[in-house]
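A single structure is presented below for examination.
Each chain gets a letter, A, B, C, D, E and F, in the order it is written, and its residues are counted from 1.
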Amino acid sequence: MATIQPVVFFFVLGVLAGVVKSDLKIPEALYKSLSIFLLIAIGFKGGVSMAKYDIMEVLPIASAMVVLAAMVPLTAYPILRFVGKFSQADAGSISAHYGSVSAVTFAVGVAYLANINQTSEGYMALIMALMEIPALVTGVILAKAGANKAEGEKTQWGKLLHEILTGTSLILLIGGVIIGYYAGVTNNVAPLDKMYMDLFMGVLALFLLEMGLLASARLKAVLEKGVFIVAFGILFPLTAGLFGAYVGWYFQLSPGGTMLLAVLYASCSYIAAPAAMRIAVPEADPAVSIGASLGVTFPFNIFVGVPIYWQMAEWFHSIPLD
Amino acid sequence: MATIQPVVFFFVLGVLAGVVKSDLKIPEALYKSLSIFLLIAIGFKGGVSMAKYDIMEVLPIASAMVVLAAMVPLTAYPILRFVGKFSQADAGSISAHYGSVSAVTFAVGVAYLANINQTSEGYMALIMALMEIPALVTGVILAKAGANKAEGEKTQWGKLLHEILTGTSLILLIGGVIIGYYAGVTNNVAPLDKMYMDLFMGVLALFLLEMGLLASARLKAVLEKGVFIVAFGILFPLTAGLFGAYVGWYFQLSPGGTMLLAVLYASCSYIAAPAAMRIAVPEADPAVSIGASLGVTFPFNIFVGVPIYWQMAEWFHSIPLD
Amino acid sequence: MATIQPVVFFFVLGVLAGVVKSDLKIPEALYKSLSIFLLIAIGFKGGVSMAKYDIMEVLPIASAMVVLAAMVPLTAYPILRFVGKFSQADAGSISAHYGSVSAVTFAVGVAYLANINQTSEGYMALIMALMEIPALVTGVILAKAGANKAEGEKTQWGKLLHEILTGTSLILLIGGVIIGYYAGVTNNVAPLDKMYMDLFMGVLALFLLEMGLLASARLKAVLEKGVFIVAFGILFPLTAGLFGAYVGWYFQLSPGGTMLLAVLYASCSYIAAPAAMRIAVPEADPAVSIGASLGVTFPFNIFVGVPIYWQMAEWFHSIPLD
Amino acid sequence: MNNTKAMKRIDIVIGEEKFDNLIELLSENKIRGYSVLRKIGGLGSRGFRSPYDILMQEENVLVVVVCEIDPAENLIKSIQPKLKDFGGMCLVSDCLWVEGPPISY
Amino acid sequence: MNNTKAMKRIDIVIGEEKFDNLIELLSENKIRGYSVLRKIGGLGSRGFRSPYDILMQEENVLVVVVCEIDPAENLIKSIQPKLKDFGGMCLVSDCLWVEGPPISY
Amino acid sequence: MNNTKAMKRIDIVIGEEKFDNLIELLSENKIRGYSVLRKIGGLGSRGFRSPYDILMQEENVLVVVVCEIDPAENLIKSIQPKLKDFGGMCLVSDCLWVEGPPISY
């Protein structure tokens, strides 16, 4: 197994700074700028390497992997509702968070692969962008289905779909993929790679520092909610990751791609999902879902999960497919 | 003709995000940071390549090109006043916008040249910095000349000149030119180029994304003002560009430099000019001038204009000068 | 003597922009982002080159140099109190500022060394991080010792120590050192260096631009305080630098390291010290200490001091130690 | 006090997403002056919007309208039916406008 | 004015570092609505905090609480002993709450 | 209300470019406390300053001065002649200062 990458220690640094109540603060504008950068860079990089594929061949596989991602919230819901005893709204909302993805966890996975000299299919970035759609829609249906609606309370499906389809992450990822693809096909990657490829890891480091600060603030809230949600935040992603690794292997992705699909299934959202849930399931408590996602699952994934998903990918690939 | 550069598609992405009402927002601090970067980088790069020239030889030519730039607002004014039926104040203000320049359009021109492996005279950055002076002064004179001044209303020439001469873009461009020149002459470019040269295109991409968002918000306002201003926003820069290409060729610039002069004459301001006009011609309506400049001419120039100005430059240079 | 580095002219540009009252403004978020970057980069770079040393050998030397740094405020205090006639609180507070360090002055020193192809001991970054502790504590003791305390006014030692030990600069520098060290030892520097090493000088340039703007605003205030504080701001760092060069040479640092130690002893704080003094010595006037530090000593050091400290280092090293 | 004019001050705090609607309503009411403060956090019926939390992306806006008593009453009347949708709060208080600046009310 | 309810408006300006304490105090007092404005500069007994100075890192926070008259008096009573530590200022004034939005006071 | 002192609250909104002039005027009037809020948009006689428009670089500043009744009247008197140049608006209202914090008025 490879050594832990230096970049994830920036997360630890952020957590420590939070714990000792340092006056270190990442300006909000920097945080937002870094996420814009990362989304474009992930999309762009994916698009550039997609230029080597035949899109018509890729699309059906990619669609299948996106649709299958709806299994993740469908599995999470009954556990949360009947084991965890969460209300229907909360269980649906948390399911949506875990069905959705975290671009930063994905980025750590990409960095891990680079570190061990593995490549992956470029269209994983596209899959990431699209996966949010079934995850969030399924989550909302679960949260709402059969519930007695109070007078005047209608699920704002139009507004929700608009929020999902025009959300920052979807727009930037898909925009990045298309521009990267165009740059790859027309052989024009050259001057843009200095920023969107070479600086990727350095920017990720700063972003993880901020994430550490944020996570340390959230962890306390989630610990107060009891042991179930912490256990869920660790065990559920392992299960979802295993399923992702299986699906990736089944569709004959490379080991690197298989691992990234496991990461996508296993990772959970703390930006897009909260925004969507606030609109569609306002009665759900965001403190639990964001707390579990950011305070438990995110650190688990970047330190422990990612290497395990790589083990899973290798393990499946040691099975002869035919 | 070369393929369209990937970087301009970031502008399209921004427009699309604006049109679908995405929640994508570029933090104001990022926008301002990127423009500071671009101005320094343009100046620095120009300064470095100026180090190869004899300044005493360059200055008279450069001055001539700056002074001739006053022709641009002088031509725009009668068209706007008598064909477009704008008030004297508005016609003068819009003339000043079109006489002035857009550093980002210039940057797209520079990127275009890099893409087709053409070089240009480094002092074009200096010309850009200085061109704002005659353009804005002429525009204000046109807006004010002979108008009956209401009691107490005096053109604040002192304040205006201060605003023009100490404006952010002039300070940063000229500062960048001088420091770049010094770095070039003393052979000290090396560690600064990693940022101000290598990252230029990547930063430009982010900036164009923001410009797209801004332009989509402005376009609606300008379309409401009718077809004249849209036609003006397309046809006038073509004329000004032709004149610029002629002047560049006449002063024996390289084809690349000729094209950049055409870009400077053709491009128009949406930052420095509005700020100056607010002080000097407060009665002019900024919505029209910024709308035409940012909503019509800017996108026209970066997509269609720049390749045409290159054609013009090539065409003039196919004429034997002696 | 080497030519002046281009990067320091960005400071001049900032001062000029301030003096002519340009509308140039560096967004606060950019300023904070750049300082976060510089602190991480200085730490990281130091940590990477520390990986070549045996830590157990380094620690005692480093500790000695940190402890000796307390001599700086102890020397400054009587001069300020009895020659400069400052109140006890002000003399203590200014001493703390001059005992503490400026990461940007250090960065200019590092850039100077790179320019003349000299290396230095990586652990200087660590020393810089730790030097603030004795400097600030000594300064506060000087400001408070024996003073008649008004009722209810107790020095908040707990709060002060917390502020010093968890301050942004200490956390980021030490965090950067550790991560850089780990990256160096595990041979994982590669993808992070594109950002934290290659871009160092370019970021420093932007930061110096901002520092120039800030210094021009402060200089006026300090000039009004009379000639003593200006003379102190120039002569004291020369003395402290000489002492630092002596200590560095005595502990057998390389010439580069010797010069950096001189820079650390000579430089003074305008961020960490003001924050600490506000808590511990609120009765001191921050305008004097920040004004002298930022308006006088900082520019003196980066233009004149740094080359002189290099001369001092070379001069000591021409003395045979045994 | 001399040289002052009795006016009404209306303070409205609403979610940023309703800002455009409110501005439209103000211009329908021919309001000629108001001030807008952004990035406001708070607690209300829809929970806590922390001004320090960079993950929570919702912010409130405070719009302060100072106008004469009649337009104030009309504005209140036309704002009231929309308040349920707007959320937030709407306050009215008394103030004196110091005369001197160009009239923008 | 019709459809309005007489309320108290409490404006508190304190240093950012005391914000958490204040919020706690508000929630102990069962305050159900308030607004928070950040990045406020000012002059007070502890000197000038320039809103333009990026080196000075201290900022003030303005918290506006609108509530009924009884809770307002209770709040004032429990805030007063802490004001010496909080610094800043605390004002009370009268206002009318325009009815309509979900009640958050 | 007990432990409170009747004071005047003066709210001044002006363009950022006049901020320094205003502060000077306050210190000439020996005002010992005020708060400053930046980045304020609004509509006034000089048109709309959108708080969301990053191209428009003009912003307003809100300065809130709380002081005793006499200094308030003096301040108003010395501010009034400058208001034409300052633009914006200047309001006076009543408030109660809750006693306790170090006196900064």
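The working rule: contacts are C-beta pairs under 8 Å (C-beta built on N, C-alpha and C of every residue); 3 or more make two chains touch, one makes a residue touch a chain.
Please read all numbers here as calculations on a predicted model, not as lab measurements.
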Shared interface partners, meaning chains that touch subunit C and subunit E: none
Chain labels contacting subunit D and also subunit E: F
Chain pair with more C-beta contacts, A-B versus A-D: A-B
Far-end chain from subunit F, centres as C-alpha averages: A
Chain located farthest away, centre of subunit C as origin (C-alpha): D
Distance from subunit F to subunit A - Cα centre to Cα centre, in angstrom: 48
Subunit B and subunit F, separation of their C-alpha mean positions in angstrom: 39
Computed distance of Cα centres, subunit F from subunit E, in Å: 18
Of all residues in subunit F, the ones touching two or more other chains: 37, 39, 46, 57, 93
Contacts with 2+ other chains: residues of subunit B: 23, 26-30, 32-33, 199, 275
All chain pairs that touch each other: A-B, A-C, A-D, B-C, B-F, C-E, D-E, D-F, E-F
Complex interface listing, subunit D residues touching subunit A: 46, 54-58
Complex contact set, residues of subunit C against subunit A: 27-30, 32-33, 36-37, 40, 162-163, 165-168, 171-172, 175, 178-179, 182-183, 186, 188-189, 191-192, 194-196, 199, 275
In the complex, subunit F residues that touch subunit E: 1, 3-4, 7, 9, 26, 31-39, 61, 66, 93-105
Contact set on subunit F toward subunit D in their complex: 11, 13, 37, 39-46, 51-52, 60, 62, 73, 76, 79-84, 86-93
For the subunit B and subunit A complex, residues of the former touching the latter: 3, 5-7, 9-10, 13, 16-17, 20-30, 33, 111, 114-115, 198-203, 205-206, 209
